[in-house]
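In the two complexes that follow, subunit A is the common piece, with subunit B as its partner first and subunit C second.
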Partner chain A sequence: MDMELIQQIRDKARNLLEEGTVEGVIGYERASDGLTARPFFAYEPAAAERLIFDETCIHDLVKYLLDKKGKKMAIVVKPCDSRAINLLLNEEQIKRDKVFIIGVSCPGVVETSWNRRSETLQARCRTCQLSKPLVYDFLVGREVARQAEEETYSDITEAKAIANKEEFWLEQFGRCIRCYACRQVCPGCYCPVCFAERLEPLWVGIRIAPEENRVWQTMRTFHLAGRCIGCNECERVCPVDIPLSLLNRKLEKDVKELFAFQAGLDPEESPPFATFKKDEKLEFGA
Partner chain B sequence: MKLEYQPKVIGFLCNWCSYAGADMAGTSRMCYPQNIRIIRVPCSGRVDPLFVLKCFQRGADGVLISGCHPGDCHYTEGNYHTRRRFALLRDFLDYLGIAKERLRVEWVSASEGQRFAEILSDFTTELANLGPRSKV
Partner chain C sequence: MNLLASKDDLIRWLDSLLQERIVIAPVRVQEQTMFQPISKVEEIAFDFDNTTLSPKGWFLPPTEALFTVQRDDGQVNLVPALVERDAVVFGLHPCDARGIALMDSSFLQEPSDALYRERRSRTALIGLACRQALPECFCTSMGSAPDDPSHMDILLTEVKDGYIVQVVTEKGKALVPKGLAKYKGKVPTPPKLQAIPTMEVTSAMRGLFNDPYWERLADRCLHCNVCAYVCPTCYCFDVRDYSDKGKVERVRSWESCQSPGFSLTAGGYAPRTTKGERLRQRFSHKFLYFPERFRDVACVGCGRCVKACPVNIDIREVISDLQQLTEVKSGS
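And then the complex of A and B:
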């Protein structure tokens, strides 16, 4: 644990709360297993002492900003999470002057579950190109030159080569209990009424069937096409371990290839489905 | 009696070009396969990928989305959005095990009755060759 970095976060959080610049600070604290981290909201200057940051801080806290609209909040943001901020800024879901961003130069995070943490970095961290957040008001931590692996999408190539893909995916979707945790945790999923909750017409039927789950999962992913920032929170929270990253990353790869676009890198650039080019050559039609 | 496999095709046709094109095929008394169930939409841009998914879930063998040629959209730019959306969806469906050949996006103008009939015969033949969708 980098105590110097943690002290910087705590000092800044305390200052912001004391000065009244922000109403609250969204960060991480040690979970009660004494090993992993959990999200924490500090509203009193004294509470700032509970803030931490280390490689177990895996959560993307940006989702909470959507619940705190209108309030000025400070938030601890990793480089990957900063892409979610850019996404929400582009889609005008949050206002830049309502957020104070404490950016952290992040060396990568590990896999954690209750009372357990892995020794190796998460796969997404190994290919991460960002050494510091893309957007921040205050930067903590030392910026380290990253030795990022090249993104090859080998998992997608493998999934493409599955002999009976429909069988494979229906088996995966068959486990889905439609708890919608993947949606609730996603910084890009914020529609006031989700298509899955619409009753007229009933897009996703109530019956328990892999085909119904497939409609849900396919559309959930597709609504995030060109918007998914790859935080992989959906896969983390899935209680039945559906490999959701295989869905999100497939579209991420296609969007990169077709439209040369990556979500959340620039708040001024709109996702590919919000715009078009007249003379582009796509797979069908002139 | 031998029952031959007849693929079920759902067609989303835009009101301004393709629906009129299909109408033209009809009034010109051209023959085309009767496998298609046509749904008229105001613009091909109205077609939500969700519609396509729902068609496949409910047992369609193929889905045809047809609109005005790029540049001719009644609403100026609807079909450019269609083009982007379904270029991505086709490959995504394929990835999930629904062959991309089962989803077609075509541009048919109001005067192209002949073209509409040809596209439909071609599509139906292709779907018949693919056979019924596997019941997993």
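And then the complex of A and C:
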């Protein structure tokens, strides 16, 4: 653990709370296993001492800002998480002046689950190009030049080779228990009433069964086309290990190729499906 | 009296059960172990720590049809769903058997739930004593134990030469194959578990209903349904009618008090609108409402929610927080 970095976060958090600049600080603390991290909300200056940061701080905390609308909050943000900030700024879900961003230069995070942490970097970290958050008010940590691997989407190429995709995905979705952890953790999923819970119009029923699960998962994926910022939180929280990154990354790849767009890089640029250009080519089914 | 079944005996036994009944057993699915109906004994994962989901899904499936209503020649007929075959749940741990017993308290009280009752009476539980305690296990603090035979029909304990067969009920007795030798050896000592203090959790819950603790705890809660769905005692469900060309099917599916829509009523009123109120409901049901009605707390200490929660809401920590807050409040 980089104690210097942690001290910088704690000092800043304490100052912000003492000065009353923010009502609370959203960061990380040690989890109950003593090994991994969990989200933590500090409201009193003394609570800042519980904040930590290390390679187990895998959660994208930005989603929590949506619960605190109207309150000025500080938040610890990794480079990848800063894309979620940009997404929500672009979609006018958060106000910039209501957020104090403690940006962290991050060397990458590892795979963790309760009482378990791996030694290897997450796949998304290996190709991450960002040495510091895209947006911040205060930067902690040493900015190191990243030796990012080239993004080749080899997982997508492999998935493309699956002989019977229909069967493969029905089997994957067959395991889904519709717990909605993927939706709840996703910074891009914030509809006041999710289509999965709408009765009029009725998009999908309540059956926890392969066909309806497929409707649920497919619609959610498409709703995130060009909006998914690649935090991969959905896959991490899935209790039955559905490889959701294959779906999200396939769409990320397509949107990148078709529209030269990646979500969350620029708060001024809207996702392709949220914009309409009169002179846009419409070659449906071509 | 204990019997001994060699591994081969057990496999033959399970194979013969499979000829007559549905057998639900732990099966490896990718990185996970799940209870599933098997088609051959080789599918069973004998070597597993714990299953991702509890076996409650056999008795209260994630989704099931309760009945169908059909119109035939001007006649309207209601056809209830039926349980057609006997079954065995094999390989469940003592905590899970206790979970089923706790579900019984609710589902078998009159008027009982017909489908649950049928499945329950036609299913035998052949359990496995735990060989080891996992870091998230706390069954001994919740009225169970790694070698607890209660609520099982038969309990098996793995030993060097096979499995000790402990027949617990008459239902179990009828299933044991003939010709098994008596077991005269020692019964292995069960693994030791870390105990958590559970004193007065119900009264602590009652005293802290309006405490700001719940909103604070809910800050990091995602309000997904993972904890409820992996839990062996959470049994809430939603019901909806599916209609298709003159046929209506009434379906129930798992649902949880964590969803915003769970307590939404017709007309738009929702009694639990904040995240804190919803999270409090989960713990209130387990530690206050359930024991008030049925004596026991509705937690068996299987640790699944501890392991599965994406943001580490640890039920053991909640219990200890409640106790500490109560102490502070009472000034002791």
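We take it that the second predicted complex is superposed on the first by the 273 of 286 C-alpha atoms of A that agree within 3 Å, B and C clash if a C-alpha of one lies under 4 Å from a C-alpha of the other, contacts with A are read in each partner's own complex, and residues count from 1 in each chain.
The rule is simple: a contact is a pair of C-beta atoms (placed from the backbone, for glycine too) under 8 Å apart; a residue touches a chain by one contact, two chains touch by 3 or more.
What you are looking at is a predicted structure, and each value in this text was computed from that prediction instead of being measured.
By the touch criterion defined above, A:159 lies against subunit B but remains apart from subunit C after alignment on the C-alpha atoms of chain A. Of the two partner chains, subunit C is the only one that A:31 touches; subunit B does not reach it.
Applying the stated contact rule after C-alpha superposition, one finds that A:273 touches subunit B and leaves subunit C untouched.
Once the two complexes are overlaid on the shared chain, A:258 sits against subunit B while remaining clear of subunit C. Within the superposed three-chain model, A:222 lies in touch with subunit B and out of touch with subunit C [touch as defined at top].
In the superposition on chain A, A:203 makes contact with subunit B only, while subunit C stays out of contact range. Looking at the shared chain after the overlay, A:142 reaches neither subunit B nor subunit C. With both structures placed on the common chain, the touch criterion links A:170 to subunit B but leaves subunit C unconnected. By the touch criterion defined above, A:71 lies against neither subunit B nor subunit C after alignment on the C-alpha atoms of chain A.
Listed in rising order, the residues of subunit C touching subunit A in the complex are 29-32, 34, 52-53, 62-63, 135-136, 216, 219-220, 222-226, 228-230, 238, 240, 242, 251, 253-255, 259-261, 275, 306-312, 314, 316-317.
On the subunit A side of its complex with subunit B, the touching residues are 159-160, 164-170, 195, 203, 210-212, 214-215, 218-219, 221-222, 225, 250-251, 254-255, 258-259, 272-273, 276-278, 280, 282-286. Contacts from subunit A toward subunit C in the complex involve residues 31-33, 36, 38-41, 43, 59, 63-64, 67, 113-115, 175, 177-181, 183-185, 193, 197, 205-209, 233, 236-237, 239-241. Of all residues in subunit B, only 49-50, 53-54, 57, 69-71, 77, 80-81, 83-98, 104-107, 134, 136 touch subunit A in the complex they form.
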